[in-house]
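Chain IDs A, B and C follow the sequence of writing; residue 1 opens each chain.
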């Protein structure tokens, strides 16, 4: 049994602990921390279960499954928070996920991988295809912010309409990207990922579907407790809603990808590691963000894509640095340090950023 | 006779129709639409005539001719509009042409070409040389806007002076670029373009010069009618002057390049297709824009380079996405979709952007 | 004796002349100009002396010596100006040095080198490693400005704290970069630089340490006179403090690097030329700027990293153009012209930029 699995089993104990903390009223901060810790192993098991089920149902349905459930944890947390009216936390968690994947996850992977191997290489093909889609999607979701910032006279209603239009365009592009990767140009995506997914046994579909279902329900339950306790807990810690949304929530929601990307990087499979980090950012910008805009509209919690202007700066910075470092298909520990330093500096900035009216 | 030529002959009918619409007062909207349609075949014939004359007069004079007349249609429309005092429409059409060439033209080329060919390749040499000049020129023409936006205290007179200084620098750079491409480093530009221009017959110079002259006069006439009817017609359609300038005018002015770039892309000549799209953007930023600044100064219609801040955002976005997609020298249908999606999203944004004071 | 050395000897005459101008009160403008000219040969000799001493003390200590004394002239001028309370001039000279190295130095090198050689090539490895560090550092030092610009409500105290945090992160990254280049990945940096530093003789360490010491003292003396006369002299010339800091001071402070980079470019050693220009920009952003923030804190002249927003624009522009032009590992005279044109256009903009409150 690997070290990761033992850690997951230990962290599973936080599921009952967090429930107890909630019902026995041990305080909001305790609930927040234990619920956050409980989500980590559940997200990990969801990921494993999704992959196992995907193997059984074949490449096409399996690909769709992976594409939709790949960011399931984040999506569930975001939907619960959206339903609770924490629109600004949800928006901040979108930009935070993109920044976290590109800087923290890729940075940790390159740093820890680079400590073991002097120079690691990866085929930049997959990274580049995903990067182009990601660049477009990131620019698209930031456009309403740029518009608001460059022309103060815009009404909230206009921003809402533009955000819906952007969301629809992005969902269509996402569907076409799936068509591209699963039908017309599959060969571009075969590299690296394939060998990881080679199974010698045939997984038991009923077992894994059951696990997937149970984990999804538990993640939803824990997310409810996390979101309920979030505002009180973070203000006790002296943190703003923006910092919580940009830094804390994405670390919880993306923990599974973090673990995967770092683990494979330390096995010198940088192809897969980079593709997880860039692919996850792409999915957030191309699918999760527009999905949440449409969901907010349906749930009666209208969420536009007008972010804090500094979030725009931070995402642009993250994308530029990640592109600049990943474009040569090589990595070393210093490049990991540079990505982590960029994350640290942005983290400081979000910590110091004052709360302004309009933001929670 | 090719489908394109038949279409051109049919569209030529709009020349008399638009003149009739103007004198018989069929309404501003009718004049606007028919004059716009009439310009399309005239621009196409101007392009053909320029190339034929260029063949006869030899590479150097011919190169200069192509360089100056390459964007003749846009230049004529812009000069007529400038003379009529529609300074903001002219400015918007400059940024719109850059965006349209990089996103709409290149996007359509890659998409339609990609539907026929799984993967298309192009030598990125020409694209890159042009891209560097274009990047510089785009940055230079956006500098006054950035200055105005970052420091509100700037007077109109200062912006005008800075715009003139930028225009002079760009005209000098343009002259040096011609020297580079036609004298010192011709070999860099031989790829792809050469084979397209191989003529088995010697064109009749008097015939083609005559056609060029007649088309130029007719384009000028139609442009007068287009510009005269523009304000009333677009307000009837519920469009702002900014949207008209950024989206509608460039589609009319660049239709010839659109047709060429898409046609050759479908013949798998992506070298030429990309070089038309990037080269046209470069010429607009490096020659058309500074020329119009100097022309406005002479015509007593002073035109600075202070664009709407969101135009700055849109151009930067277009340049970044186009660079990111064209840098690997390969294209497929998804990359075409990404460029078109970016154009659509920017189009929505310009449609929703409210009219503010200062802008028509 | 080379032409450069003869020029240096002639310029050395300005040391006594500037001292005379100061004590005999020949006017602030005379002091400013003669002190500026006197610094040029001193900076050149400091550079030579540092390299000779570095040869004797061995690669590790020598590398550290080169890394710290590489921008010694700029550092001394900046410390003197900071101590005199000219915080805004110091800040402007940081951005000006980055812009000057990337556009003026690299541009002159590529232009003059390109007039002799049709196409020059350089291994982009060193340039790229440095460029990644530089990109990060540049973004980090511009972050407080972006934060201030995107959220007006930030207090001066917060900006000061964020600037200190950024400075500490950058100093750590700088130390790790030195570890990377001198211990773990030395082989990446061997190219080009090595052959230049091959010495057949063993330099006299006492002689060169003496020269280094004397030059440092004289540079400090001349810097005092330069800084004392700066405000009166530049206002006599009709220049703003911003223009002086961004354009004039960096040309004086970086003259030695300018000379080196251009000289080796004309010998077709573009590897070394590009690496000097990019490496110097990197050192300013990664070491000089954070060092000055910490020094200002110690000297009781608190210097935050909140630049004029247009300085942010200018640095981003310089970095993007330099990256775009240097990324293909080839250069020609036109690329040099493009860089110089960008510098000229930015120079015009800084000349026209009005003095606003808050800026000296």
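Note that in this section contacts are C-beta pairs under 8 Å (C-beta built on N, C-alpha and C of every residue); 3 or more make two chains touch, one makes a residue touch a chain.
In this text the structure is predicted, and so the values were computed from the model without any measurement.
Enquirer: How are the chains arranged in terms of who touches whom: line, ring, star, complete or other?
Expert: Contact pattern: complete, every chain touching every other.
Enquirer: Report same or different for the chain B and chain C interface, where same means the shared residue numbers exceed half of all residue numbers found there.
Expert: different
Enquirer: Whole-Å distance, chain B centre to chain C centre, using C-alpha means?
Expert: Chain centres of chain B and chain C, defined by C-alpha means, are spaced 40 Å apart.
Enquirer: Which residues does chain C have that touch at least 2 chains other than itself?
Expert: If we look for residues of chain C contacting two or more partner chains, we find none.
Enquirer: Inside the complex, what are the residues of chain B that reach chain C?
Expert: 128-129, 131-133, 135-136, 139-140, 143-144, 146-147, 150-151, 153-155, 158, 161-162, 165-166, 169-170, 172-173, 176-177, 180, 184-185, 323
Enquirer: So in the complex, the part of chain A that touches chain C is made up of which residues?
Expert: 118, 149, 308-310, 312-313, 317, 320-321, 324-325, 328, 332-335, 337-338, 341-342, 344-346, 348-349, 352-354, 356
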